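Presented sequentially are two complexes of chain A, the first with chain B as partner and the second with chain C.
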Partner chain A sequence: MTQLNAADLSTRELNSRLRDLVARDDAEIHVENPGARHNLAVAMLKSGKIRFRGSVGYYCGGLADGISIEIDGSAGWGLAESMLGGTFRVHGNAGNGAAAAIRGGTVVIEGDAAARLGVSMKGGTVIVAGDCGYMAGFMGQKGVLVVCGNAGDAFADSLYATECYVGGEIKSLGTDAVASEVTDEEAAALESLLAANLAPELRALKPQARRFRKVVAGRKLWNFDKREWKIWREAL
Partner chain B sequence: MLNALACRGPDSAGVALYGSPQPGRMVVRVTLGEHPDARIPACIHAAVESFGASDFSEVGAYLRFTIAEQSPGAKLNGLIKAIETVSPEVEVVSVGRALEVVKQVGSPANLEATFSVSAFVGSHALGHTRLSTESKVDLSHSQPFWGHGYPDLAIVHNGHITNYHQLRRRYEQRGVRFYTENDSEVVAIYLAECLEQGSGLLGAFEAMMKELDGSFSCLAATASEMGFIKDPFALKPLVFTETDAFVAVATEEVAIRAALPGNYAVSEPQARAARVWTRPA
Partner chain C sequence: MAHLQQSAIFTPGVVESIQHKAQTGLYEMRGFGTLRQRRWATFDDLTFLPCSLTRIPLEGYREKCSTKTLLGTRYAKKPIELDIPVMITGMSWGALSYNAKVALAKGAAAAGSSNTTGDGGMLQAERENSRTLIYEVLPSRYGINIHHMRMADAIELTIGQGAKPGTGGLLLGSKVSNRIAEQRDLPIGVDQRSPARHPDMLGPDDMIIKVEELREATDWQVPIFIKIGASRVFDDVKLAAKAGADVIVVDGMEGGTGASPSIFQEHTGIPTLGAVCEARLALEDCGLYGEVQLIIAGGIRDGVDAAKAIALGADAVYIGTAALIGLNCNKPLYLEDYEALGTAPYACHHCHTGRCPVGITTQDPELMQRLDIDAGAERIQNLLHAMTLEIQMLARSCGKSDVHHLEPEDMAALTMEASAICGIPLAGTRKVFGR
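Then we have the complex of A and B:
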C-alpha cells in the first residue's frame, strides 16, 4: 500500500502520482488529507484501488474506467460523472449530480445524495443507502438506480429505461414516471444486489427498504405525437 | 473559510460579524466612499449628535461609532438620512446591537490585511467573496447586505433572483430605497420586511420560498438567529455541518475543512431546504 499526503501536493501532482501508481499495478493507494478538494482522481483509466481518507470536492473520479475509489468522508458535485466502469463507495453523503451520465460501473453512497442523482444514466448501478433529492434519475436510459430511503420531487422525470427502485417515500414522481410493484423475481435480484453492496447495519437503518417500489416510464414521451400536445406542454 | 473560496470570485469580499452587544448601545458602520473628503467625518459627527453618538473610530474607508439603542424593530430611517445627506459618497453599511459589516473591493486576503477580521471575537458571522455577473464591482454592490433599516439583519446570496425587477418596483412604490443594481439586495429588503412583521427567520425563509423566483443559496443572520435557504431546484451549491461545538455552512466543503479540523460529516441539503439555528440565550 502506498500513502500520499494530498496536503503536500497540487491537484495536478496528486492526480499524476495516482495515475503513475495505478499504471504500475500498485495494489492500493491511500490519500490522506484530501480536504474536500476538487477534481481528484479524474480520468483514471486502469484498475486499481484508491482510498481517500476524508472528503473530496467536485468531480471526483470523473470519466473513470476500471478504478475502485473509496471515500471516507463526503463527496461534492458530480461524483463519478460519466464513468465508464469501476466502483465508487462514499461512506458519507454525496452532493448534486452524483453518478450523472455514467455508462457502467457501480456507485454506492452510504449516506444521502443531493439533487440530480444519476441523471441521464446510460448504464451502471447506483445504490444510495439514505435519501436522494430533486430530479433523481432524470432521463435515465439504462442501468439500475436504487434508493433505499426517500426520494425527492420529480423522481425519474422523463425516464427511458433505467430500472429505478425506491424503498421509502417518493415526494413526487416526475413527468411520465409511473410507480409500480416489484415482481418476485425483481425483489430477489434487488435483495442480492443490496446484500452484495451494503453492509447489514446500513440496510437495517432504513426498515422500509424492504418494501421497494419500482418506477418505470409511462412511455408517453417516447414518441412525439402532435395530438398529445397537452402532455408535452406540461413536460417541457 | 473565505480564502478557500476566493478562487470562485475575488472581485470583492466582506463579512457580517456578530460581536457582544454593549448594553443600551448600537454599532453604526458608515463607508466614507472611495476618495473621502477629510471634512466628512466631522460632518457626520455633527449629524448624529442627537442620536447620542460616541466611540468614533476610523479604519480603512469606514467610520464606526455607537449610538443609543433604538426601540426594537424601529426603522432607523431618520439616522440613515441624517448621515447620508452629508455626502452622496457616504453610505450606512450596517446598524445593530451586535452586527458589524465590513466589505471592500478585492480578495478575502485583502480584507484580512485591512481590517484584521480574524481578530474579531463573536458568536457567529457571514462571509462572502464575489464573482460579479450582472452588476458593477464596488463596495456598495458587494456582500453581505445589511437589511437596510432593520437592525442586525445581514444576508449573503449566491444565485439570481429572476423576479427582482418586479419586486424592486413593488418596494420602490412604497418608498424603499435601493442602493445598488444587485439583485441580491432585494433578498435583504424582503427578509427585513418579514422580520419587521414578526415572522422570525424561519418564517421569513418560508415566505421567501413562495415569493422569490430563480436560484438562491442564501444565508441570513440576526443577533439571535442564523440560517440558510436553498431554492426549489437546488441550482446553487451549499453544504453544512452541525456538531456540538459549531454550525458551519459554506458554498463548498473545502472551505469548512480548511477552517475547522476534526471528524464531522458534511452534507448538501435538498432543494427547498431551510434551516435556522438560534443562539443560546
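Then we have the complex of A and C:
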C-alpha cells in the first residue's frame, strides 16, 4: 500500500502520481488530506484501489475505466461521471449529478445523494443507501438505479431504458415515469444486489426488497404522438 | 386585381405552416439551417479594400502568403498546427452517415485541416482517417469514451450551437438505427432528444472545474475548446475565457443542423457577423485577444466569408453545411428521391427524415452507398484548397504575407448596419455609424 499526502501535492502532481501507481498491478493507494479538492483521480484507466481518507470535490474519479475508489468522507458534484467501468464507494453523501452519464461500473453511496443522481446514465449500477434529491435518473438510458431511502421530486423523468427502484417514498414521479410493484424475481435480484454492495448494518436500516417499487419509462416520450400532447407539453 | 393579392403577413409559407400545425399538432422540424428571406447584416455587407497607393500588394499567384494556423497556445502542451484556417465542424455519426463522416475526415486530413466528432462519440474509422481530430464533449454525452478522448488532438466542450442555442440535439427515430442506438446506448427507433444542459455542471463556475477535469484527463497535452451558440456573445466569450479555454468557438445563427424545430433556426441567436465582432471585443476587453484563439462558425460559404471573419478577428473558421454541399448535398442527382420527399435539389432541408437522396444524412445502407468515401474525400480536399486559395488571394491583394494579418482596416462597410456592427467606416464616408 502506498500513501500520498494530498496536502503536499498539486492536483496535477497528485493525479500524475496516482496514474503512475495505478499502472502497476494491484496498486493500492491511500490519499490523506484530500481536502474536498476537485478533480482528484480523474481518468484512472487501470484496475487498482484508491482510498481517499476524507472528502473530495467535484468530478472525483470522472472518466474512469477499471479503477476502484473508496471515499471516507463525502463527494462533490459529478462523482464518477462518464465512467466506463470500475467501482466507487462513498461512505458519506454525494453532491449533484453523482454517476452522471456513466456507461458501466458500480457506484455505491452509503449516505444521501443530492439532485440529478444518475442523470443520463447509459449503463452500470447506482445504489444509494439513503435518500436522493430531485430529478434522480433524469433521461436514464440504460443500467440500474436503486435508492433505498426516499426519492425527491420528478423522479425518473424522461427515462429511456434505465430501471429504477425506490425503497422509501417518492415525492413525485417525473414525466412519463411509471411505478409498479416489484415481482418476486425482481425482489430476489434486488436483495442479492444490495447484499453484494451494502454492509449488513446499512441493509438493516432499509426496507425489505419486496417493498421496493420499480419505476420505468412509460415510453410515451420515446416517439412523438400528437395524441399525447399534454405529456409532451410538460416535457418540452 | 386586388382580389388576387396575397397577404404580406399571411404569406403562402405562413399559411402552410399554420395548416401543418393544425393537421399534425406538431411544430415544424427540419434540418439544414435558417431559410429566412429577410436580410440582416452579413459578410456580404463588407468589401475588401485592396492595395493601391497607400499599400503595396503581394503578387497574387507567386509571393508567399502563409495559411498556417496555430490553435491552443494558451495552456496546451501540444497546440494544434493546421496547414489552413478552414476546419470541419462537429457533425454526429447519426445525423450523418458513416460514409459522410469518413469522407470528411479523409478530405480534411488531405487538406491539412481538422475534423470534429459530434453528438454520439467517435468512429474508429474517423480517427484512423483524420490528421487532426477534435473530440466533442456534449451535454448528451452519447458515446462518451475516455479512451477515444485521449486519442484526440483537442477537446471541444460544447455548450450550444448556432442553429439552436439553448436547446439540445434531435435525432428522429428513423435515423436511430441498430448501430446508432448501440453507439448511443439508446433504444432502437426512439426520437432522441438530447439534453440542453450538461449532466454534471450548470453555470460558468462549474465550467472552470469541468475544464480542469478535461485537462487532467488528457494530461494537459491537448487544447480545450469551448463552443457556444451565438446569443449573448460578449459575456459568454468572457466567461469561456475565464473558464480556461484555449480556443473559443462561436457559432452564429446561420449555422446548420441535422434536425431542429424550425423556430430555433429562424428566431434564436444572433448572426455570425455580429457574433465575430462581439467575440473579438470581449477578448480585447479582458486582455486575451491573441492569447485565446477564436474560431467562427455559422453559414461560412467560401473563402470570402472566411477571409472577412479572419479580418474581423477570427483565427480560423468552421464549415459544416458548406462541407456537406461539397459532398453533394442538394445536387440534382436521384431526382425521384427528392420528389418523394416533397422537395427538390437546391431546396432540400430534409436531413431530419433520414432519407437523404445523396447518402449524406441517412443511416439507410442503400442510400449511404450513393456517397463514395474516396470521391467524397477528394471533393472535400478540393473545396478546402479552393477556399484557402480565395483567402490567400484576398490577403495578398491587401498586402498581407500571412492570412492572419488581415484586419478590420482592410475592409469597408456597404451598409450602415454592417458599419455599426463591425466598427468599420461605410464605403464612401469616413464615418463609423453609431459612434
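As a working rule, the second predicted complex is superposed on the first by the 230 of 236 C-alpha atoms of A that agree within 3 Å, B and C clash if a C-alpha of one lies under 4 Å from a C-alpha of the other, contacts with A are read in each partner's own complex, and residues count from 1 in each chain.
The rule we apply is simple: a contact is a pair of C-beta atoms (placed from the backbone, for glycine too) under 8 Å apart; a residue touches a chain by one contact, two chains touch by 3 or more.
Treat the numbers as computed from the prediction; the structure is a model and nothing was measured.
Taken together through their common chain A, the two structures put chain B and chain C side by side without a clash.
When the two structures are aligned on the shared chain, A:77 is found in touch with chain B and with chain C. After overlaying the two complexes on the shared chain, residue contacts for A:54 are found with chain B alone; chain C is out of touch. Legend: residue contacts after superposition of the two complexes on their common chain; A:116 is shown touching both chain B and chain C.
Looking at the shared chain after the overlay, A:37 reaches chain B, while chain C stays out of its contact range.
With chain A used for the fit, chain A forms the apex of an angle whose arms reach the C-alpha centres of chain B and chain C; rounded to a multiple of 10, it measures 80°. Applying the stated contact rule after C-alpha superposition, one finds that A:9 touches neither chain B nor chain C. In the superposed model, C is the one of chain B and chain C that contacts more residues of chain A.
In the superposition on chain A, A:101 makes contact with chain C only, not with chain B.
In the superposed pair of complexes, A:187 makes contact with neither chain B nor chain C.
Minimum C-alpha separation, chain B to chain C, in the superposed model: 6 Å. In the superposition on chain A, chain A positions 38, 57-58, 77, 96, 116 are in contact with chain B in one complex as well as with chain C in the other. Looking at the complex, you find that chain B touches chain A at residues 232-234, 237, 239, 252-254, 256-258, 265-271.
In the complex of the two chains, the chain A residues touching chain B come out as 35-38, 54-55, 57-58, 73-74, 76-77, 92-96, 111-112, 114-116, 131, 133-135, 152-153. Contact residues of chain A toward chain C in the complex are 11-12, 15-16, 38-39, 42-43, 45, 57-59, 62-65, 77-78, 81-82, 84, 96-97, 100-101, 103, 116, 119-120, 122-123, 139, 141-142, 160-161, 222-224, 226, 229. Against chain A, in their complex, chain C makes its touches with residues 24-26, 140-142, 144-147, 149-150, 173, 184-187, 189-191, 195, 199-201, 206, 209-210, 212-213, 216-220.
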